[in-house]
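Please find the structures below.
Shared between the two complexes below is chain A, which has chain B as its partner in the first and chain C in the second.
Right after this comes the complex of A and B.
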């Protein structure tokens, strides 16, 4: 018991003003920051891929499969931060077996399943089926067997069947766009619908989450495309890169506008919660909000990418600029999630005080776990690229 | 029908069937009987042992302390807010370990300076108010205004 008091006093020393007892300790830590972050990367990467397919932006062809596989790699771990956040991870399946219709989180399980099973896996399958059949014939041994299993026994590569691949794949992409919007808009909804929290509760939340998701997903594909080309010692298709960067720029503008709109609305309304929120962003969130999210993550990339729309320096300079801006954007969106998730819990719902959040290194909620959930998708992606290399796809014979 | 769908549709049917089967097997007994929860848990919770006995229970034996408390500013407090859960002690006074909170910080939990509750409770600055002694060396915890000099 003495020990307990000791901890309590230690924690109380981190508190400012008045807070309710249950606000002392943040229930949602770093792992819950990762959840919208990773889900957003998935949705963003997918939307970039569908640009090529549905809106027929041909220059993006070199990144189409890469974006899809990136989306898959990240989608596979998207729920893992949530599961490892649970006190009883082995009970995670209960959200699917006994979902409550009024629980926003419970329905996410199905949104996720829909997106994984019906959209992403199917789209990749239809896109690669013909190649897998061909690869299964070319390769030997174990790898050939994997391809055989992956084709699910549909080995017909007559032009008619391949045509069907294309048609159904297109249809799935069309269904996939609203699904990707749903997936990430939904994550925003989970926060936006918490009416007790003035930092979260805004109808803009799903839209803001969606656009920041697109921004981060596009930045991720931009980064991965450059990294993969560098590792494979392949020449980067500068047209594709310039186009991705252009989209990144446009959507970043939209995202920034929406977030600005939300904040202006909040400032002008100045509800009773405004004072504490203003103290929040100028105090505990100053570094992560103004410096990381807005300045480094938004303003700098906006200016730099904006200049590139008018003035094109040498290829190498452009590549460096894209690399740096994509990393800055990824950092900025991470801290946007941080400011939402952590920021929303730092202030007391009495509006009279603040608690504090310190990241632990080890432990289930700690830094090491979180880094693992960021690194694992890259390992999965490396595996997927080995298994389904987009650059080895056999071009279809002209009909 | 394209051959892809001939394979995929049965596969999805199997997947959905397995999902429903899993759900059927995993939903615990008595779930949903009275609402969206496991009804058996009510009985299980009823069987849990109590932790707190309540002030009247303490007064059965420590009537002197209870009477004392009633006459001073701590009259509104429960015994167990300071001494910790006492059900075990109530059942067997020799066995149950109760807390004797004699540290300054303990009184400070309620009485330390806190600007948001100035008008709610008497406050002292722990660093300033006779810092070298325990509070209970002067204040009787049950009769806080009985000051021992």
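Right after this comes the complex of A and C.
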């Protein structure tokens, strides 16, 4: 606590203009930046997977399972930054046991559980059930036992049953698309519904969150597909890669347009909060907003990916471009979340000044733990890929 | 044509009369609330419904209220935690506004702007507005923040999970996270005192009687007559929070 006071006294000297005295202590730090970032990756990866399944974009087949497992790996971690940020983490269950009906935050637990249990786990289970039955027979020892448990005793792999698996899987994906929209649109609503904060309070927020989620999720799968292929020393399916990059390009255009619309609307209406928000983006947020989010994270990838739609260089060059673009987009969306969450708290609700935020290294709110919450999903993904390797799936016999 | 025109004007008249009559009728059944009661009154008018008045013209910026509040309610001493505080507004001749609240005003204020440059200056005590339609109560995910039946916004600290959503939702900056308890903390309108017939600590110590605690249901009461005799305003009325903290002589610069 003494450390916290010391930090606040330090911040006191960083205040510009006037803030309400209680506003010095910035409430939501790096952990809450990660929360919409990670849920966005989940929703985006799932939507990419459903493109193959529901919209029948067959060329994306090599990334279907990969996208699903990526979504699962990140979803398993999504609540951790939230819970560890609470003043009383052990009371977190109260959100589920006594949710307050008027609170935008209260239904997060339900949306999350619905998405985890009903959509992702079920879809993956139906997709892998037949393979798990086969693997349980092929493998020996511990691994075989895991597969046996995971099949839940449903060992029938007759073509008729497998066909049912496929049908149910398809149905779940159809339900899953609106669920993914709900998951992330809802995260946007948590911020967009705070009328006290003009930087957050816009009806566009859920839509912007949704599209930026798709952008980041697609970029993540693009990156992971290249990384996994590299590690496995497998040739990359360039058709799949080109298609993912094409979707990334189109959705990035939509995302940029929507965010641009939101900003133009703000500038043109120029309400009471306009001056302070203008000072905000030109001052404390200049680097993260104009440079990281807009220039590096949006405009560069848009130009590069846009050129590739007309001009196709060699495969190697394209791969490098895709790699760099996906990383830039991931960086840009991270800073988009940063600009929303941190930016929304830097200016005073009196509109007369700014507080400051400095990332601490240690502690549960610090940089090290936050990086852990980003790295852990990759470890989970590595485990999932070991347990359920998409490339070892046994092709179904033609019916 | 002429015939037709008469008919049309008659029709218009009947329509307008019907509309006006309808409005009048609904007005009698459900009278429009005057602005001073930005919110509807509770169902039981025989019980108290707490509101608060602040007379900016009377505040001298001594900061005794902020200090008394900290002592009475065990608010942390550090200058980042306040249930009530005082702001000094200085509007300069060039139109620029300077706002300060060093240590919430507890140690008093010094005017740093030369007198010749000052257009006007005044003090604004701030505290929880005990809104009737409070955004903080709306936002709390577990219902740990609630409206008491007598119109006070309170926090159940054994129930609060410390998510800080209410801190974000309050437009007036009246909430903070208690550094020892890790739950949200705010003005309780000295509920432990007012429920025993006493007044709040801040009202009690104010030397100029700039602060008034009152029952909005009591038409003979002090708050009622304060609001009747002054042009009172609430902070950020466009947010429709149903604030029950009424300021006399509130300047447009105050936010």
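Methods note: the second predicted complex is superposed on the first by the 390 of 399 C-alpha atoms of A that agree within 3 Å, B and C clash if a C-alpha of one lies under 4 Å from a C-alpha of the other, contacts with A are read in each partner's own complex, and residues count from 1 in each chain.
One rule holds in what follows: contacts are C-beta pairs under 8 Å (C-beta built on N, C-alpha and C of every residue); 3 or more make two chains touch, one makes a residue touch a chain.
These numbers come from a predicted model, not from an experiment.
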Room on chain A for both chain B and chain C (clash or fit): clash
First (chain B), second (chain C), both or neither touched by A:4: second
Contacts of A:98 with chain B and chain C, given as first, second, both or neither: both
Which of chain B and chain C A:152 touches, first, second, both or neither: first
Touching partner for A:126 - first (chain B), second (chain C), both, neither: first
Which of chain B and chain C A:230 touches, first, second, both or neither: neither
Which of chain B and chain C A:286 touches, first, second, both or neither: neither
Chain C versus chain B, contacts on chain A by residue: C
Chain B versus chain C as contact partner of A:21, first or second or both or neither: second
Chain B versus chain C as contact partner of A:391, first or second or both or neither: neither
Touching partner for A:383 - first (chain B), second (chain C), both, neither: neither
Colliding stretch - chain C into chain B, listed as 9-17, 27-35, 45-53 or 63-71: 63-71
Chain A residues contacted in one complex by chain B, in the other by chain C: 1, 5, 17-18, 94, 98, 100, 350, 352-353
Chain C-touching residues of chain A, taken from the complex the two chains share: 1, 4-5, 8, 12, 17-25, 27-28, 85-88, 91-92, 94-95, 98-100, 102-106, 108, 190, 194-197, 344-345, 348-353
Of chain C, residues touching chain A in the complex: 78-82, 85, 87, 97-101, 103-104, 126, 135, 137-143, 159-165, 167-177, 179-184, 239, 255
Residues of chain A that touch chain B when the two form their complex: 1, 5, 9, 17-18, 93-94, 96-98, 100, 117, 122, 126, 129, 152-154, 156, 161, 164-165, 168, 350, 352-353
Touching residues on chain B, where the partner in the complex is chain A: 2-5, 7-8, 11-12, 15, 19, 22-23, 26-27, 31-32, 36, 84, 99, 103, 105-106, 114-117
